[in-house]
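Chain nomenclature is as follows: A, B, C and D, assigned in order of appearance, with residue numbering initiated at 1 for each chain independently.
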Amino acid sequence: MNFLETALGSIKLDNPLIIASGVLGTTAEGIKLLYEKGAGAVVTKTTTLSSKPGYANPTVVSTPSGLLNSMGLPNPGIEEMSREVASACCEGVPVIGSVAGSSISEFIEVAKRFEDVGVIGVELNISCPHERVGLIGQDCRLTYQVVKSVKDSVKIPVIVKLTPNVTNIVEIALEAVKAGADALTAINTVKGMVIDVNTGYPILSNKFGGLSGPAIKPIAVRCVYEIYASEVKVPIIGVGGISNWRDALEFLMAGACAVQIGTSLMKGYQVIEKIKKGLTGYMKKNKLKKLNQIIGISHKRC
Amino acid sequence: MHTPRVCKILKVESEAENIKTIYFKDRRTSSRIIPGQFIMVWIPGLDEIPMGVSHTGLNSELAITVEAVGEATEKLCSLKEGDVIGVRGPYGRGFSPPGLNNLIIGGGTGMAPLMPLIELCVREKINVNVLLGGRSLNKTPFIKKLRDIFNPKLECFKVTTEDGSYGCRGFVTDLLDEIISKNSFDRIYACGPELMLKKIYDYCTEKKLPLEVSLERYIKCGIGICGSCYIGSYRVCADGPVFKIAELEKIRNILGEWTRDSSGRLIQL
Amino acid sequence: MNFLETALGSIKLDNPLIIASGVLGTTAEGIKLLYEKGAGAVVTKTTTLSSKPGYANPTVVSTPSGLLNSMGLPNPGIEEMSREVASACCEGVPVIGSVAGSSISEFIEVAKRFEDVGVIGVELNISCPHERVGLIGQDCRLTYQVVKSVKDSVKIPVIVKLTPNVTNIVEIALEAVKAGADALTAINTVKGMVIDVNTGYPILSNKFGGLSGPAIKPIAVRCVYEIYASEVKVPIIGVGGISNWRDALEFLMAGACAVQIGTSLMKGYQVIEKIKKGLTGYMKKNKLKKLNQIIGISHKRC
Amino acid sequence: MHTPRVCKILKVESEAENIKTIYFKDRRTSSRIIPGQFIMVWIPGLDEIPMGVSHTGLNSELAITVEAVGEATEKLCSLKEGDVIGVRGPYGRGFSPPGLNNLIIGGGTGMAPLMPLIELCVREKINVNVLLGGRSLNKTPFIKKLRDIFNPKLECFKVTTEDGSYGCRGFVTDLLDEIISKNSFDRIYACGPELMLKKIYDYCTEKKLPLEVSLERYIKCGIGICGSCYIGSYRVCADGPVFKIAELEKIRNILGEWTRDSSGRLIQL
């Protein structure tokens, strides 16, 4: 019996552990390996129409219980990325294509090309804190426009990835749903900065970056909880600082139907199986049969 | 943990034309490093690039040997005693410990990460044979250092230069047949241009020899998370940079053929 | 020679280490002790017109490299608090009164009462993420109104404490300055939540709380850097996750003229002297004479 | 670290009218606790309150003894085996280690944090005299437990009740003169209603006796950061809850006179 099956609307997943965008899902072989290592699905590196080299190094730096990155969305462009993804999809790997662009037509084009090669859905990255696309997810109108346009252009589910760098994440979530979002991913990284005090230089070449890892878990859990408590009724994918099964469970209880992991892959691929094993153990111990029985239960505990 | 630790440069040596060896101290690296592992070197305000460690000395002393091939390496090569760099690491998987009888093959600055392995063998009196290839005497690093090390037992150290300005004329791979037929090696270590490594790989595969090579790909995070450095399903920064022959088998179609640039695009080598 | 003197406009401080609001500055004797332990100034617990009991416990819980709290602004009301503060001010302790209220007139009244007992300035708390006052600092218009009204009613410097829980902190900072703010404090805590996975209960009785401590340092440094880089020209007080002198230095380099410490007092009062000693050592080693020489220097390193 | 660890209740004993002793296991607490330190007990969905630890047993077993005085304590007293509570801690500064000859004075549930100290003395065969005061037999906890402990050496254990339903009629402080005149104590430990403690403090100050008392104030964070629990410039949660006589000297004008409520307002005791 599989205790971990879950659904994101029409997307059925064998287990709720999805690999977050930008974390190792950059090539066909990388994506396949992540699936072999147990992921329920893999989100690709965010892809744009043309290739982007990303920012100069340093692009990552440690912070207390976290990691700050400003990769700058390096990607080979959809032409080449869709070849990589096609190869993974052909072998049955559930891939979600992460999409960004500097115009609505670019979003549409990239999403369609992902659809063509057989992804199970696209995730719109309107939330990178160190990118211009991040501005979209900080604005209701832009969010609506981008989501609506993509939604009108593809048949596969459209997932919208939200940023915590807003005054009210629920407002943006509602806008995305109004525009047709089939699911929401919360959260992308939190905007931050690290300065080297020996030299005075901001360490990242881009100065600002996105904070991930355990440090942001309380922020991410709060966002998921807030969205689940709102009128938003589409499935939520929780992400931010998950590094063990208890963390994953915390997001499920807050209202997430699935979770993504990113930074914790730093500790090795085995974190995937460990989390699944832990969750399965928890389900058995508590005589639970389906994740549905725990998704959102924190909202009943008050 | 993955934050650059700022270090003062203690000394800079000119190693060959456009190649400098830069000395500094970093306790964290020196107390953990295994030959073959690499560090990320930060040049504040400019770039952060992967570098092998070419020397590990007493009192946390370390060195990198840098060939100026672009902006970051040129800047590094222009630094002087007292200037600062940042380092984080050591990262990746290094070489296996040496066997009883070892062959080390370096091409140009590719010899850098192999130097601490040679230092180790010499220190522990382990049999080691070294082949060093370069374009010419002026352009080949480590010749003097290795000659000083090997003077007492000269037979183990051979150099090839493409122009014949030092040692044998030709490629380092030309010497393989001879040295391998005369010896039985428990370990063969190689680092250098990927086409050279590919040749050595083919040779060792045919002869079933225990090869390990250190590879290069575009490194960004250095900690196995960003997916910039894939070669097949291996991450050079975390699963490598050292790969054993059985692993190379799985990427033989890529080795010497394809790499990826900073955006992840495939580039023919 | 005192290497650590600093100024926040007309407020001169012996050293840049201020005790953050809500952290031990609740009583006369507490405030005096913090000053004896070496603080450059002490901000009081945020005070309202009438007493507030705060939220039920649990009001604090640990998070990775951080602390989540939702005290709920417990305070004895300005009548009683001003007596406590008066006693400290009489003895020459530089006290900053933290002010909140549910109406503009309440803000004004509390600020004036603080002024009457001799505080060196007031800090307007419009930024608590788990309080209604926090909504003020998320809105340009409300920020302007509250700051302007208080500014028009008192003669002492008015410091405005900003929340990171906004889309654009610079926008709010500018509004506060337009309304007359003499200095800005960045940042208050980041809105977060922790769920106990054994029971499913959100741990804090108020569910949501504010994240503090090292986890938020990169967010706080970013905010200070962004404000300093903007048209805002008033002094900035940096706060968020400072637990050693290097952290304090990071904020100074980002553009803060002074810093506040809160959560790190958990490790004991000696953190105050340790930070001062570390900063003094740094100044001497680098042959610097005044903090001015390092304040904001990161902006010149690019 | 300061996150409640959820524990199953192993056993609940009725200790006296409205007073229950609740057993559970928590390794972190049991491996670190010093008698006199306290824990924060979380009742999910309701409250989190400070509690002394009234027993430390084998295999990480612990107990708290709770008097139902309000919502949280009533709920705690209604819990059954198998129910859960959360605990964090131990917090604060506990009692000094016992001397050669010790006097322990408890008033009502104030005896709770003193119980592990008594257990320690008995286990290590250290001389200990115990005075326990209560309102009446039914309302006074620990009588049976202490009788069981002290049966072999009855002379060390005395009880007073206000109504005379057990032991001597009166207050525990009435016995001070007698016991202190007959003995020379290295340590006197006390916990109970603050007016009782104040009396003991005055007595010990006059006689220059080495007193330590455990105090109560409104605890929120428990970790010395929120400023809820000040008594003078001391934080009960971090600098206490145990204070030595020299420290009490500094707060003698507050002791037994003033406390603060949840908002920090001064309240006459």
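The criterion applied here is as follows: contacts are C-beta pairs under 8 Å (C-beta built on N, C-alpha and C of every residue); 3 or more make two chains touch, one makes a residue touch a chain.
No experiment lies behind these values; they were computed from the predicted model shown.
By the document's definition of touch, common neighbours of chain C and chain D comprise A.
Path length between chain B and chain D in the chain contact graph, taken as the least number of steps between touching chains: 2.
Put simply, the chain farthest from chain C by mean CA position is B.
Two chain pairs are in question, A-D and A-B; the one with more C-beta pairs in contact is A-B. With centres taken as mean Cα positions, chain C sits 51 Å from chain B. Distance between chain A and chain B, defined via averaged C-alpha coordinates, is recorded as 37 Å.
Note: centroid distance chain A to chain C, computed from Cα atoms, is 34 Å. Looking at chain A, residues 194, 199, 201, 301-302 sit in touch with two or more other chains.
In chain B, the positions touching at least two other chains are 44-45.
Chain pairs recorded as touching, per the definition above, are A-B, A-C, A-D, B-C, C-D.
By the touch rule above, chain A contacts chain B in their complex via residues 22-27, 29-30, 32-33, 45, 51-54, 56-62, 67, 69, 71, 74-77, 80-81, 194, 196, 198-199, 201, 203, 205, 262-263, 265-266, 268.
Here chain B touches chain C in the complex through residues 44-45, going by the rule given at the top.
Chain C meets chain B in the complex at residues 301-302.
Considering their complex, residues 1-4, 6, 40, 42, 44-49, 84, 86, 220-228, 230, 232-233, 235, 260-266 of chain D touch chain C.
Residues 63-66, 68, 138, 165-168, 190-195, 197, 199-202, 207-208, 211, 213-219, 221-222, 225, 241, 246, 249-250, 253-254, 294, 297-298, 300-302 of chain A are the ones touching chain C in the complex.
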